[in-house]
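For reference, the structures are reproduced in the following blocks.
Shared between the two complexes below is subunit A, which pairs with subunit B and subunit C, respectively.
This part shows the complex of A and B:
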């Protein structure tokens, strides 16, 4: 009975902590703007298939490159498709792929980093050298190679992005683990005879979680940038799918007379990236983590 | 001190060695080899055999790796599959073109970044800081291809001031080339400057809050004398490393910018060789780009080491 109470109290305090963090984030203008944009995009991603006024893949040669009108709010593209429909659906693709990609990056990067930090010694040295080597290969080269050889399906893109954006998290998780590992509670856990696994789960993860989550949030915006760059270069999702990077690269050639087809996806993508960025910054500040001096690697 | 420098250089070489293994194994374990990916559907019988013989793919992988690595150290990366010429010759002009672009961006970017960073730090949370910081956040978060596309749309198409894509061959005289590369240089410099300005800002803010600066203020040192004598030297030192990382990170972004402006540098070669499935060239590019990354970082580390007296004594005591 007593144990039950403690458990409930802890659960309640996590909720309290979460709402406290969100309130702190929203108390500054930049955080409030970021959160508003992000929430708007997430809601739009959920409801866009139901509110889209036209079919995103309906090609109509008679409607080619029409200027914005009451029927086609953002005009039409070179195949006569509705730009508004494709723009609001584009957020779905980008958010889904990068969200799950970041999740994978967080999981493998975080766990490997904690493991290396805890074990140390030879294994740590070898793993960190390999991580360094991966960091020094430009991400775009590696991503392009994988995608061009394995194909551009979502099942390839999500793990590939997750893998390549996770290697930076390894370092952060490792450094955070080094910070807590010398503390007394780890020493006493060892003295109690707990296994490495129990120490990681009960002692280290709760203490490094904040640092890793902040890093993951930041990676999310970089991954979105990377993913849309891939799409822009023609190595992202395949054509009929509404995707911002793809829409911009398609409409770019014709932008001297049909600028609306390129402006709409630009606004969509830029606002989402800025939204995630501001939110991640505010999140870091709310948790008291300073990452302003970190390089974007 | 010397020991530390040697150790740092050795680490760089080890990293490059692992990179070479990764690229080699990577191209090895992914489905298809250089010949089947390049020849695609014609990959059978006599043609495939000939290709294997020509690239020496009929010997075991580790032997190929050793001979490839030995040649690569001497600057010989073998033959490009699509161009049918030595990769060394393909790379030469591309490296030169990319260097022109990158160095122009760095020469413009670093001074502007320093000035903006210092201004935003000294007027922290006042109007100049809020205005400049807002612009830098936009410049650094928006993808390269978007800022490049917007530059073309506004400057080249609407205002018709400069050509939007690079159409001249790059061996023309500098004055002829200049109007063609202004837009790509601005596109790259913009992002780089934004990143660096933000780092300089936080570095200066940190130093301004330190005890010796507080002491100098209390002692009555004139404000600007204090800024130039006590704050800047200490604030810019940690920025060197971060600036190096930013430059190296831009290697990826330059690929996209070069494609947007149709500029024949290393970045476009990455896209071309991957679209042509020219694996030998891709391997060479991976090694070269990784070497650039490693040497920029190495240089930054050594520079920090040499400029920082505290680090020197610390290492000797050890």
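This part shows the complex of A and C:
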């Protein structure tokens, strides 16, 4: 057969697929910028404890609200702590908590959504109404309740955030599953007599995975904002843990004369969110899920 | 000399690949459309026929661009025109009728409003005149009572009626050129014949030039004066329609005509090897080279030019056309199929009814189905081991519904499905044991949908092998390769994804998957209707071969009567979920006795301009089967009287074993044929 040489595309390893996706993402300026920012933040999160020039909780009244200098690059806050140290360490907290939070959201939201989409009928109805009911509760109030009952430790914050941000993913996963289960290959698998579990694992997940991952990436940036809001309100991680939300909240009263103490965490937070958003968009495009769908002509 | 309405000169359209290469979809096309002429453009999917038709109205699809050449309409090049100027031409001078009228009409606007919109845009008529014009147009496309139709919404019309509305809208601007992109492809056989007849009438009546794009040589044969055959972006043959269909002098057209099953001939047509090359993969030489029976060394290295033959009035792109000029007719070699059916009964449907009605709460509680007039009713068929039985009928006749119930995907209301004379099969999957599931396998219409796009061919075929036989490792691999070879695909296909395969190859993978379960019965749901003509014959031949090797029984559902004729031993004709006629296919086709079978057979389009479809009944679409009496009473042209409306007709047997359900006595049924 002569056509052999034309289709040279062989089955690729996961590693090769991943690197191809990353290269596609980086080939557009927006994707490249997003990836750069995100990678920068991640690297910083890993190395920050080793490169931090000062102790993040060393209080020194003599150094209160110093302007940026060679010694204290981003100045000091109202307790005399180094803002640079606290900013780079703050990213570490935010990234860890929200990363694991999104992972939990992705897992429970995605799996429940796929299950509801596949099973349909009464189970689907009941589960979706419960999800809807939770969607109608302002999450921040519910979070405040949980945090005041169970405390603000990471073990509480991560699953709680994961739970509240997974609700939206349920809907996306269910919709994506609905698109797939109308296809004949699912009918075919059913007619062969595969179990629901096998159908979800073999037939559905490979087809909805991309959509759910992209949704999860977007949720990550929202969760980051949500988590910082919680800290800002004083319900996130507890002092003296360095955290952007907390830093903004502490320094906002002094903004008029010590702007540096606010600017640094704000830049950190917004750049990370922009980085994640741009990366998620580029990711979606690289996977062929165009979020800005054009109208067909 | 007749006036040319459109001149296409050296037109090339293409796109740029990821690597930056220029890939041509249309290669140097030159052709003319004369005033008042109907030109048919035929080709398989991917041959560039739609791209050419769209270019004729100055439109190039998103992602493509014009590389060279021009489309001249009234001596101006449409492809270089500003969109402001194009607006004045589109609709007024050149109109387009889309493939799927149901999608082309705005769902939330009344039909009359949509036609009026076209009139406002493309004519200078006053309101009163427009009102008159709307009913005039609807009359012209033969829609009954235009006043009421104009007030309806698109979803209230049937597919055929929607297509007629689309024609009316296109005629609103009194165009000089009508472009039709597969206008009848989605329609039922009988409706298709009616729409084609209407188009013929309109072409004569208005003198509009038409460009009719289709993959269906049967439809093209009915409407066109001239035919252009396209193959991988080139015109390979162009000439008067009769000559091309009767004496094609290009090997591709020749092979294509040979591979179309015909009503008059039982048995499988010869298939054409291979498939159309992907754009950008041809390295010099003739693009048809590797599928051609007449090729030589010259064809491999040099690509032929389109040559005009004066005495035949035909243009052909082939070095060796002379070999074909001398051949008189397309002689179709038919592989007669042998009826391998044994006396042993393998599947028996008795009194099967299926309902789609939404059940009341009480019925849901008691887990029963109540419906006095179910979608499918009283199906009694027994299927012999090793035979191919075909269920035919228009859309809505319940043929796929019956298949679903046999496969256990849809619960029956009543009736029994019995396997192997003694084993009852439940119509509910969950109540069947794995072996019951294994013996019945399905092949679907569209392989794009029936193969998981994220699985490799190996993973796809491994599914049933792992599930039913628990195969692993080397043994699994060996079985997969074995199956691939049986469907004439090689070992190297294992690591491919469905998107890397052509339509025919995908369907072969689906066939391999079905056979992997070592089934006794395979349900084929329109398995060839999504395939190109040249590939269709190959898949049919493969299915026949596999059946002979494995002794499998096929239940074959199709709307294409010629395909059914080619492959089946026995035919069951369905209308509105009720059986009309069951019998050996030779007899059903030879003595079309039931009035509905006559209607169906009469409407089949053959790729022969001399065989015109016979339009016996109106193409009305009935929503629900009648409560009482014969299912076909609403459209029957031979209705006997009140008895047809009140009593369910009895089964009558002919001498050859053909069972017909009609009130008309059998003698009389056989007498009155056309």
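Keep in mind that, in the parts below, the second predicted complex is superposed on the first by the 276 of 297 C-alpha atoms of A that agree within 3 Å, B and C clash if a C-alpha of one lies under 4 Å from a C-alpha of the other, contacts with A are read in each partner's own complex, and residues count from 1 in each chain.
One rule holds for everything that comes next: a contact is a pair of C-beta atoms (placed from the backbone, for glycine too) under 8 Å apart; a residue touches a chain by one contact, two chains touch by 3 or more.
All values derive from a computational prediction rather than experimental measurement.
Look at A:190: by the touch rule set out above, it reaches subunit C but stays clear of subunit B. Of the two partner chains placed around the shared chain by superposition, neither subunit B nor subunit C is touched by A:51. Look at A:134: by the touch rule set out above, it reaches subunit B but stays clear of subunit C. More residues of subunit A lie in contact with B than with the other chain of the pair subunit B and subunit C.
Within the superposed three-chain model, A:252 lies in touch with subunit B and out of touch with subunit C [touch as defined at top].
By the touch criterion defined above, A:277 lies against subunit B but remains apart from subunit C after alignment on the C-alpha atoms of chain A. In the superposed pair of complexes, A:149 makes contact with subunit B only, with no contact to subunit C. Within subunit A, the residues touched by subunit B in the first complex and by subunit C in the second are 294, 297. Contacts from subunit C toward subunit A in the complex involve residues 61-62, 274, 277-278, 281, 290, 407-409, 429, 432, 434, 437-438, 440-442, 444-446, 449-456, 463-464, 467-468, 490, 492, 495-497, 500, 513, 517.
By the touch criterion given at the top, residues 14-16, 18-19, 22-23, 26-27, 30-32, 37, 137-138, 141-146, 149-150, 152-153, 157, 195, 198-199, 201-203, 206, 238, 241-242, 245-246, 248-249, 251-252, 255-256, 259-260, 270-271, 274-275, 277, 282, 285-286, 289-290, 293-294, 297 of subunit B touch subunit A in their complex. If you check the complex, the residues on subunit A that touch subunit C are 1-4, 6-7, 9-11, 183-185, 187-194, 198, 202-203, 206-207, 294, 297. Across the complex, subunit B is touched by residues 129-130, 132-142, 144-146, 148-150, 221, 225, 228-229, 232-233, 235, 245, 248-249, 252, 255-256, 259, 262, 266, 269-270, 273-274, 277-278, 290, 292-297 of subunit A.
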